[in-house]
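Next come two complexes built around chain A: one with chain B, the other with chain C.
Right after this comes the complex of A and B.
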């Protein structure tokens, strides 16, 4: 379930607060922020509970999935495994314990890696963050200008072409596009490396942020930086594709919305240059929506990372979630899902609040 | 008020949407075409989707138009049978989730008050879950497999319909013809079904059209992760997944991916155009972003 959907839903629903433009809205209030924050907390609890509930109403058995053949046929080994991971305790007891440990930052121990889930997640989060930030950066850099062109050439061939291309961009499974790109640019042409974050045997830069490109720059290792960028470009571009399509469509709509405003006509009428009108009036008026949609794109990128990281062997949160899920590594699945959902809802929260802050009409209105 | 009410869709309106719009007509052809392929799979497919042959990983040829996979199975045949899985699941999910959503939204909108509040807060909660992640958690927990993947997708798919229907019911509830029905002594269910529901079919059809594509994408994603349709059943998502292991065989992922793109894009185009005709007030909103 994605975000603009939510904003769509809100349009039909007069009593709710929306992320899409509203002509009149009261200034952003503390009560609104607090309520959104509380809703976010409730949502996160719900996430833990749902995942937790599911992991206990299961036909699939984590013990047999994670033990070797010999151990699986040994009842003692199975019992020891179940006891170690509290698989035999009552449902609410297990959930209570889980929440309690959560409050202490303890997400349990991954069955797969034998590491605390929290440290696994901390290891992998920077990789996904690096990828996501690069992807959204690309999406904004490409999507916004395309959307503007589309709006300014409304109903001309360029507009039709861009609209069709952006609709296609939304219809393409990113994991498929990634695979094809890998096949073409790595396997056939050899232009890009074949996955991972650095060349095989490449030494990661000293960890500052955990993002290789940034760390390499900070510690002055230009060779490593170039390598890291090489590895980053293709997966980021693939992850950016839905965002580019999304931003093209929404920027077009926002610009068309603003361009017919009286103040834009007034600016044109008083003889300002077209480029000035576009920059100072149109683009500025469209900014709140662009920021909102970029935020939504960022949230979506984190979710999509589950599909795309796997293709590029990118050792981030997404591939961790995937590998844990197929191994039925519950603590890890729960931790990864919780982590990604947390990021997702937090970005949504920030986007909602930020929207109120950046929309000049709100300040003018108050 | 009356003028603002969407008319129920008629075949003639779809025909009107198609006339003078080649893009819509071709999208309709593609979409209906896949439906026919799904229905007639046993008749069209050149071979059994499970039949193995000694020609492993052979590229497209006269004998195997779309090549063969790692077990020597005909990719074209698997693609055609895969349409069955994808199209059927998408239709079932969309039908079921629109029904659930319509009931939830209809009840919430019509009765209002705390019923509305409780139901819509719950809807918000489900709505806020990121789809692929919950699907991942659900299928991981219930065990991989088609049935569980469908359950996972169903859990997540109804809220947009609930919101749409609730908004519409709220709007229609106060209209004169609904009041007339109530004054005539019609019961709440009767009013909802006979007077309000026909006005919802247009926007619902628009949403469902786009949603079929969305659900094909989502199910393909789940199967790609190995959590949905299991081998040896032919399915687009898992066919693409096989391609990750054989980078030299470009035909493995290319064709199933193209199948997904064509059906999703066709439905998106249909939805866009149908919205113009059936939902001039735009209550279904712009289409949703990718994942």
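Right after this comes the complex of A and C.
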């Protein structure tokens, strides 16, 4: 009998007698990972197909979008362009070829940069990752305490204010907020730089992770680190805004939910300090919801980054996706979409696994 | 003997959308040292609210008046800081549903030690050692192995034993058990009650036992107070109250008990009508609309309690069950 069987047997046996085995269950099962992996493959296929169709049915011509004025009026140049990117093949043939290359890990060559899409994505992903991570950290660090305050001051002025502000924060489009913030903090006040990841001519730190702040720290370049943080702070804050608002509202709801639980009253009846009860019992009870919403916020950051990166000249995945879409750079669009799909799926997977970690009652996938 | 817990004329008004409503109306209650003081009554009769009021656990907008003394010290109106030093340390509480009253995501060890560390200033290792002792004291198997596990891994009876161990942790003078067996299987209830009884004898703790189960009362309680609609309608030693009830409500509760011999449709006589909702209490004696012995005066006057020589008190002036009278 294996250990796993033993513990399972104990689970169903109501009368557990004698010594209980000390064990720490793994929060995920193998079957769960396999299932999720297969689902991811299917999802990616579906996404590529839809994006492929959409890119091809729109009434625009990549040749005229990418060729210069002179070349555009030269039928031979246009024909050569179309032949190079197989634009005259049937749709299904094109899609089949795309899949075939994809199976070999080849996303094709970007029309715009003339580089393999895969290496373009690899170049730009760290920049977006840096931005997104910073944004979600800000969202959690600000949103959770605000939500807590809002719940504890329920129906009092502070609560009303926070609820109004958070509703506004959720409704305002991030790129518009970004433009306003640039106008104020860069143009008027000069507190932050106007865009980019480093000052013009600034030398990026040696690449370890591709995230400038982290790399600068790892390689001990404090000056570069300060510069990078300086450039990061405003776009990250703009991207964090909807997340802060979302977390404020959901943390408020979760705390109000948990605070009326019996176990909170029981903890108070034990004579624990209110701050201990709030921290250890209430906030802990609210973590599953906070994790869900943080995952949601992180996923939203990737969507918002498409326009916000453009506003802040941040050369990440978002601006890459934007520029590829405008230029009808199909291979790049497909690559960017695939990449964002994978990020989405991964975030969801991480959220599900974290449930099992924070809540011992949940064994993910069973 | 000086009572450990003495509640005098306790009144609680709870906030509702239609203003404050009196849910506890002049309750008197006494618990002698090392006794089990039973409190019986239907849901909504104010039993639990009374106990929560004593520990200051009601929402801040509840209005609490009257007196509740723990070993002579007034608790009502005590500042939060001082109440905190009483809660869990001198007076602990066991709640009805152990699954709901234990935090599902924290380990048993954590929940068993955090108030010991706060109240007794124990270090982590000492608190854990004491936790193991406590779990053994409430007769749980493999106490050391339990500390790092979570409540959902145990049965209801085991969880309630954990809750009792938590209540015992700081050696309080009084433990309030708020229907501690109601959520448990019948087969498990007896074990929990025997445990409480043993702890009372061994560690000299006073137990206030809130339950609507009169069978439990007759087996365990020394004294019994019967609540109806926020008032104590009858109180005395458990034996007297259960054998010779003087209040029609107590008599009705006893008649409503199924006895093992009688078939349900013969032996059980339910009390007609439904208990009043707080805020919509009948005038005079709140029980009068359901009482088979009521007289005109009952609907008008709130009955004053009558005290007999053996500390048996009841609030029913017509006294239909007086000795020599047949009802």
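FYI, the second predicted complex is superposed on the first by the 319 of 366 C-alpha atoms of A that agree within 3 Å, B and C clash if a C-alpha of one lies under 4 Å from a C-alpha of the other, contacts with A are read in each partner's own complex, and residues count from 1 in each chain.
Here is the rule we go by: a contact is a pair of C-beta atoms (placed from the backbone, for glycine too) under 8 Å apart; a residue touches a chain by one contact, two chains touch by 3 or more.
This one's a predicted model, so the numbers in the text were calculated from it and none came from an experiment.
Engineer: If you stack the two complexes on chain A, which partner ends up touching A:265: first (chain B), second (chain C), both, or neither?
Structural biologist: Second partner only, chain C.
Engineer: A:175 contacts which: chain B (first), chain C (second), both, neither?
Structural biologist: After superposition on chain A, A:175 lies in contact with chain B alone.
Engineer: For A:285 in the superposed arrangement: first (chain B), second (chain C), both or neither?
Structural biologist: After superposition on chain A, A:285 lies in contact with chain C alone.
Engineer: Which of the two partners, first being chain B and second being chain C, lies in contact with A:273: first, second, both, or neither?
Structural biologist: Touch partner of A:273: chain C, not chain B.
Engineer: So, A:203: does it touch chain B (first), chain C (second), both, or neither?
Structural biologist: Once the two structures are laid over each other on A, A:203 reaches no partner at all.
Engineer: Please determine whether it is chain B or chain C that touches the greater number of chain A residues.
Structural biologist: Partner touching more chain A residues in the overlay: B.
Engineer: Answer with first, second, both or neither: which of chain B and chain C does A:186 touch in the superposed model?
Structural biologist: The first partner, chain B, only.
Engineer: Touching chain B and also chain C: which chain A residues?
Structural biologist: Overlap of chain B and chain C footprints on chain A: residues 14.
Engineer: Across the complex, what residues on chain B touch chain A?
Structural biologist: The contact residues of chain B facing chain A are 124-134, 136-144, 156, 159-160, 163-164, 166-168, 170, 213, 217, 220-221, 224-227, 240, 243-244, 247-248, 250, 253-254, 257, 260-261, 264-265, 268-269, 272, 282-291.
Engineer: In the complex, go through chain A and note every residue touching chain B.
Structural biologist: 1-9, 11-14, 39, 42-43, 46-47, 50-51, 54-55, 57-60, 167-177, 179-180, 182-183, 186-187, 194, 241-243, 245-246, 249-250, 253, 296-297, 299-300, 302-304, 306-307, 310-311, 321-322, 324-326, 328, 330, 333-334, 337, 340-341, 344-345, 348
Engineer: Going by the contact rule set out above, which residues of chain C touch chain A in the complex?
Structural biologist: Touching chain A from chain C are residues 55, 57, 80, 84-89, 92-93, 95, 97, 100-106, 114-115, 118-119, 141-142, 145-146, 148-150, 152, 154-155, 163, 166, 170.
Engineer: What residues on chain A touch chain C, complex-wise?
Structural biologist: Within the complex, chain A touches chain C at residues 14-22, 261-263, 265-274, 276, 280-281, 284-285, 287, 358-361.
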